[in-house]
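Chain IDs A, B, C, D and E follow the sequence of writing; residue 1 opens each chain.
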Amino acid sequence: MNSMSPLILGLSVLLCVTLIGAALVAIRATRLPIAILAAGLVSLIASILFLVLAAPDVAMTEAAIGSGLTTFLFFFVLARVRGAEKDGDELAGDELAGVKHDGVGK
Amino acid sequence: MSFDWMKIPYALLTVFIVFNYGLLLGAFIQKIGARAGRRYGIPVWQNYVDLIKNYGQRTSITHGVMFYLGPVFRLTGGIGLLLFVPTIYGSYMFSNLSFAGDLILALYFVFFGTLGMALGAGESGHPHAAIGITRGLSQVSVAELPFALAVFAVALQYQTLSVTDIVAAQQGGVLNWTLFTNPLAVAAAMLAFLGSMMRPPFDVVIAPQEIPIGPPTEYHSAYLALMQTNRAIFPVAKMVIYMNLFFGGATSWPEFAVKVFLLYLFSAFVGVCFPRFRVEQSIRWFLIWAVPLGVQAILWV
Amino acid sequence: MIKRAIALLLTLAVGALFASLLVGYVPDSELNHTARYYAERTAEDIGAANIVTAIIVTYRGLDTLGEVTVLFISAAIVGLVLAQGRVLNNAPNNAPRQTRAPVSELLSTGSRVLTPLILLLGVYVFVNGHLTPGGGFQGGAIVASGMLLLLLADPLKQFSHRLIAVLESLSGLLFVGIGVLGVLLAGGFLDNRLLPIGTLGELFSAGVIPVIYSLIGLKVGAEFSSMLASLSETNHTENSEET
Amino acid sequence: MISLAQMAMAAGFVLILIGFYGALTQRNLLRMIVAFSLANTGVHIVLVAVGHMRGRTAPILDAAVPVADALTRVIDPVPQALVLTAIVIGLGVTALMLAYALKLHARKHTLDIAKMTELKW
Amino acid sequence: MVSALHIITAALAAAFLLGLLKEQQRGLAYGITLLTLALMSWISAGWLWTFASTGTAAVEIFTAGTEPPFAINLRIGLAEAALTLLINLVGLLSALALKDTLLALGRRAMAVWLVAVMALSGIVLTRDLFNLFVFFELTVIASAGLVLLSEHAKNDGQALAAGFKYLIVSQFISAFLLIGIIFAYHATGTLNIDDMAAAAPLLGGGAAQAFALAFFLIFIAVVAELKPFPANGWALDIYESAHPAFSALFSAATGAAALFAVDKLLLIGGDAWLPMATGIGIVTFVAANLLALPQTNDRRLLGYSSIAQTGLILAVLGQRDILGEHTLYIAGGLLLSHAIAKAGLYWLSGLIAERGLEAWAALRGQPLLIFAFVSFISMLSGLPPFPGFYAKWELIHLLAGEGRIVLLGLILFGALLEAGYLFRWFGYIMKREAPTEVVDNVAHKFGAVFATLAALAAAWALSLVWGELAGLQFDRFNMLLALPLLFALAFLLLDWLPVWVKNSLAIAGLLAWFYLTYTEYDPLRMIFAVIFLIGGSLTLLASYHEHGRRIGFYPSAMLMFAGLAMLIRATDSFDFFVAWELLTVGSYFLILRGKHSEPHALSYILFSLGGAFLILAGFALATQGAPYFDLAALADLVQPLAPWVFLLLAIGFMTKTAAIGLHIWLPGAHAEAETDVSPMVSGILLKAGLYGLIVLLLTMGRQDFYGVELINAMLWIGALTALIGNLLAIFQEDAKRLLAYSSIGQMGYAMFGLALMNHLGWLMALMFVINHYVYKSMLFLSVGGVAKRTGTRQMYRMGGLITLMPLSFIATLIGIIAVSGVPPLSGFGGRWIFYNAILTAEARLPMILIFLAGPIAFLYLFRLIYTIFLGQLKDEFRRVKEAPFWIVLPQMIYVAILLVVAVVPGLVLRHVDAYLNHFFPNGGLIWEGTTITSQFGYWNPVAIMIIVGVIFMTLFAWLLFVNRRAQKVKQFNIVFSAERPFRPETTHFAWNFFAPYRKALGFLTLPLVTLFWSTMTDLLHTAGDLARRFYTGNGQTYAFHLLAFVVIVYLFGMGVRP
């Protein structure tokens, strides 16, 4: 197994491309949950990549922690800051909007 | 050059001669000034009359210790100045008490009387006295500058501070006088001289014309008499210094009389011809006209 | 926009830096001397089949201790941060808690069944850390996800903070204690040869590695759980009413 | 030909840069944290990629890799060990940041970082 | 010996143990925390003791029973022991100061605290790169958490935001660090620092390049933890918002640990990376100090100062190539000074209720805390006897030796800025109105007070240690043990005694010291010794008039006198400079005691420190790398160095003599000082500057600087100073300011005399030294006494006091006659010598200025005596009494001295004259009987006195006789434009006294110099104020700063690397 098999190469190219695609989604997504999910996806793909790179320990950890726990943590927090998730986005950067969300949102 | 007891009577003699000469000279010059202004003027002995009258006056009040001491300071300054400088060159009799110090002593002792006067007048409580003092000090401080420069130039020229030595160096003919060997210094000094004689155009200090102003404002009777005595002695003492430094000194009393008279006349002449300066004007005038001359004198030596 | 431009510029500059790293990178063809040492000596010295585990638990055990500590203080600070402004839990459950719509029967039942299994899996992973991929951290994460499931099933569930704390602390203390025992009884701090090394590939081998990794697993699980618990106890109302 | 490690490394670097860019441009705290976790993942990939060696297997001694062959068969285990530590630490930091974001929102009713500038100069 | 590893295990065990406790058992938890911290400190202290006493080599600690580089190892050596001790102690003391907060927040906060301290120790101990990263992460996380401790009290979310900003930045940092570490590992095959240091130089080609890049990332990441400018906005926010006890840890311990980490890294990188460290360090030092100038929040200010100090130490580490084995001593001295002082200041800040700098005025009632504050800022400013002083001394010398002049200049400039804001702050404390809410009940804040006092003790202990080390380092006697200094410090302990006891002690001390040492002085030094010591005790007589305890006066005054006493005995540059700094500091504290002296004391200390820095630079240049030199060796300097040294030293000394251009501090400082302090600082202290000039001119003499004869420049400066000083004096309405300006003028004369560089010039200068001491002390006392009685220093508000205060009047009268140089008093001697001196000098133009200055002196002197004592007495002063006995007594003694000196000037001058023959063999005076003869003229003081006396007495007697019935009239019995005035105010002509003069020459008194300096300070201030706006407070902007910093350093640094 001295040279890389085309299958693995193809797989890894695919992995890298999706990885970067997901990452772009993660920072460009208009909705925060999407972004968080995309980030989780990035971690997941990364853990597959780790497997390919012969690092099963890392792969397991990344899967469990990076894509699992972290994503949950994000959602936990997100659930508690409803209404403010658009803060700071150019679209809703206006302060009034933020106040309204908080005041009337529930 | 040291002390012996005979110097005391000789010194008193000098004082006596100069005192009388000063009284007469003052009156005489005043008369000349009056005549130039188409007035008759005072009699020549008028100063004697005034003096005696003042010494004889009864009313005498004092504003305090310094007021009392002011005229004493003043006259001490005048007599001391006279005595610290040899009057007649080459004469043991009239070398006075010049063993005590040199030119610098004389230069600084001028201030002794001024200071005392200022203090005495200050205690009189009269604001005009104080105003006169500020004006006088302001003016003198700048008027002295060209003189100091000239003196320094002369000292540099002759490489000595001893008045006797300076006079000695000028002997042997009119052309040896500082007047000719260092005309710039003399010019500067003569301009300064005008400033220190309290005559127009530099007499705003005592301003006798409009309101009585200046140190003597509150003085009267014996105080005034002391100051009048000083007014006879002090200018002559000052002119002796000028004479010694710039005009070859005097080897005899007649020469002394002539030279002093001419010097006095010079200031009177200028006084008659020019209007009075305000203090700041005279300060500027000295700085612009007299000081550069003095500077030149020093640089050219 | 200018901000974005500058951000892009800076990112690109950093990218250039990375690029030169990438360009200068030449993969090793042989193990370097450190790695060679591990490859050759791990089996003999440590007795762990998983070299990564040997490194983590023994050779670089101090790092791992630090790492556990990172989680420990993170959890503590998360707790502190979220407790800020709240009345300190001298009197925990006095305030009436916000009620939420109950979750579905399926989820709650399912979680009750699944949780023990998940916990078991976690324990398996960290106990076998020295043999197979995985170990304390992964196992701990799995244990914590079991907790997560419980939380999802019953958002109002109160974990026993005390239990978590005791678990966390005890395992931490034991970890340190074993390390110090290493100084006293074996070659140095965290030396695994406190216990016999045993045979490569068996469960009871590699000295104290399984013990330590189990402790790590417990501790990590406890810490994750405590973070999750802290977060979950911070409820929405409290957050928005506070100023 | 480009090796697997280099490709992964490149992907890792790009991921880091994407994360950095996101962190620099997103004003929402949560989005910044997301961006950071991307960057962290990128860092992990780079780390693992550096340790990767072509044609070798994971550093686990078992039936497939006997002890005697270890020297020639396994890849460098050190980066993997480091990454494990890094991942866990990263989680700690992320959790911390999330907690801060939550609390900041509670205090200021906003997640906009540009509105948290009372302290300055 | 307990293994240093247990610093870490103990903390961890305790942290974990805390979790077992119940949430309610907070007292127990707190006890465990303190015990653990104490245990950690004890372990460090044990090691420190071992290393320090036995000098054993560093000890390696292996883990995992495996040798490095395969397992992590720790190392403890002298530096590590000292640093961990510092860290643990700061941790312990801060924990004490945090008692309330920790108890309120419970065991979790305590655990985090323990871990933070442990992690910092770990950073210091570890020798593994990745382990370093782990400890750094621990530190970051713990710090971010501990920032929140202040939320407990304030709860405004600021600390929360600051912590978040820190986390943002640390994310970037840790990414860089990790990538750097892995690539460095890849290049060298090891993570062990020592191993890597050994392997790195062997790398070749591409590997070396890759390694350099990787190392850059590691390096920049760790440096970023040092809060370098400009990537440090987050740190400032933390400093401002965090609990002060945490800030103490963050500043003192974190900074120390991170610096040590950089030091370790530089071991790997080698010398090639040193310039980068220096560059970053020095830019940070200067910029942070500049930005600190406009700060008004105390904690933020301290933050800027911390950053600056860290930058300085980084720069020092970057100079390791030339500092060599001295690095530890220098960096250690700076680091410990910074750490202790900063920790102490932060703890103190915990006692202050409000955040403005002025709020610290609340400390005023607490002498001990004030002393602590003073010690801390002196420490930060590098004043003796603190370690920073030694460090700065050596650093500057080594830099100068290697010709790194720019760096040297920047360091001194930054230090001056720092001293500026620190001493300004001290001025606020002493002078600003104390807030109504004073220090939070000190008893409640026992922890903070205890911690502060512990820091104070540590500060002085370290001074002792560093002084001893200086003995080993460059063979110096420990200055802290110098008898005069000890004597001065003893007054700190005796401050509870009443004034009269302390005053007697002080006088006795001065006299005793003179008795002990008088055999050592040559006639020249004898003059100064007499003025400093005997003169000092004379002046101190006036202090008997004070009652109560007068806290703080005696330590300050005796510090100044100690400096003076040491100055004249100093034979080498080090002793001289130490003495110089001591007298500067002492006099600053003295001046600051004046009621309205705050701004003036500040400008005094700034000018003085600026001058001192120039002197330091001059000495350093002169030694060319040696730690110090014999002052006499200045004579051996040659071109091109000599004129530079001369220039630096001369300007340094001239700041003390207030030469024109550098004089603006003097009027305020001397005028606003207390009654008995003015004569000390004017009559005595000014002479120190002259002494310096004398030493300089004696050894270096004429120097040619690019064609300019420096002596001639000095001649001009002296003359200008005399003129402008006098001119300014005549326009003052404030009596003490008038005297102060007069001092400027007088010093100008003295400088002029020295610069003449001939026998008589020097004699004149020395005569001025003596005369100025006598009459200026007398006048200041006299005027001070009047001001004390009348409650004003405005001369126009006084008048006519002669009858009420006759003794003061006499003193003033004698004084002004002496100053003006009118015969027969002693001033005339000076003038006479002066004229004789200039006759031989070459430069004639500057003399013109002097000629003008002379009569002008007369103007202000007359004004002084007239407006105060003569003229019209005001109604409100009719009941004024003579000045207190103890103020009058020294004046009368001075009068006696003046009269004696006037008659027999030979008493002193003869010896000096003879002594000067060693240096200027030609042109001395001839002393024959009572006559004094020079090359040009002669002078007989006795004859003058007798003649004048006789004439005066005769005339006086005559007047008394003629005028025997004179009677005193009432005040308003004057002829006044035909009216009789009735109000003294309208009749006392005193305000704007020399109006005509102002009209004519006022343009010369335009405050151009003041304008210049105030523009300079304004510019600095504005620059700082504008530049700090760059810290927008937005965490994202800070991230931009960080990345930009990395990129810029990369471009700069890697660009110049081979």
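The rule is short, and it goes like this: a residue touches a chain if its C-beta (ideal position, glycine included) is under 8 Å from a C-beta of that chain, and two chains touch if they have at least 3 such contacts.
Because the structure is predicted, anything quoted here is derived from the model rather than measured.
Trainee: Taking contact as defined at the start, I'd like the list of chains shared as neighbours by chain B and chain D.
Mentor: E
Trainee: Under the document's definition of touching, what chains do chain A and chain C have as common neighbours?
Mentor: D
Trainee: I'd like the most central chain, judged by C-alpha centroids against the all-protein C-alpha centroid.
Mentor: E
Trainee: From the centre of chain C, which chain's CA centre is farthest?
Mentor: Looking at centroid distances, B is the chain farthest away.
Trainee: Which chain has its C-alpha centre farthest away from the C-alpha centre of chain D?
Mentor: It is B whose centre lies farthest from that of chain D.
Trainee: With chain centres taken as the means of their Cα atoms, state the distance from chain A to chain E in Å.
Mentor: 57
Trainee: Based only on mean CA positions, could you tell me how far chain D sits from chain E in angstrom?
Mentor: Between these chains, centre-to-centre, one finds 50 Å.
Trainee: Taking the mean of the CA coordinates per chain, how far is chain B from chain E in Å?
Mentor: It comes to 54 Å between the two C-alpha centres.
Trainee: Between chain B and chain C, what is the separation of their C-alpha centroids in Å?
Mentor: 106
Trainee: Touching two or more other chains, which residues of chain C qualify?
Mentor: 7, 10-11, 14, 18, 21, 25, 28, 32, 34-35, 38, 50, 52, 60, 63, 66-67, 70, 73-74, 77, 81, 84-85, 133, 137, 227, 231, 234, 239-240
Trainee: Going by the contact rule already set, what residues in chain E reach two or more other chains?
Mentor: Residues 130, 134, 137, 141, 144-145, 160, 179, 183, 186, 191, 1040, 1043 of chain E touch two or more partner chains.
Trainee: Going by the touch definition at the top, which pairs of chains touch each other?
Mentor: Chain-chain contacts present: A-C, A-D, B-E, C-D, C-E, D-E.
Trainee: Name, in rising order, each residue of chain A that touches chain C in their complex.
Mentor: 56-57, 59-61, 64-65, 68-69, 72-73, 76-77, 79-82, 102, 106
Trainee: Where on chain E is chain D touching in the complex?
Mentor: 130, 134, 137, 140-141, 144-145, 156-158, 160-164, 167-168, 170-172, 174-175, 178-179, 181-183, 185-186, 191, 233, 236-237, 240-241, 1028-1029, 1031-1036, 1039-1040, 1043
Trainee: For chain D, which residues are in contact with chain C within the complex?
Mentor: Residue list for chain D touching chain C: 3, 5-6, 9-10, 13, 16-17, 20-21, 24-25, 50, 52-54, 58-62, 67, 70-71, 74, 76-78, 80-81, 84-85, 87-89, 91-93, 95-96, 98-100, 102-103, 105-107, 109.
Trainee: Within their complex, state which residues of chain B touch chain E.
Mentor: So the residues of chain B touching chain E come out as 1-3, 55, 58, 60-66, 68-69, 71-73, 75-76, 79-80, 83-84, 97, 99-105, 108-109, 111-112, 115, 118-119, 122-128, 130-131, 133-135, 137-138, 140-142, 144-145, 148-149, 152, 155-156, 159-162, 211-212, 217-218, 221-223, 225-226, 278-280, 283-284, 287, 291, 294-295, 298-299.
Trainee: Per the contact definition, I'd like the list of chain C residues that touch chain A in the complex.
Mentor: 50, 52-53, 125, 133-135, 137-138, 141-142, 144-145, 148, 224, 227-228, 231-232, 234-236, 239-240
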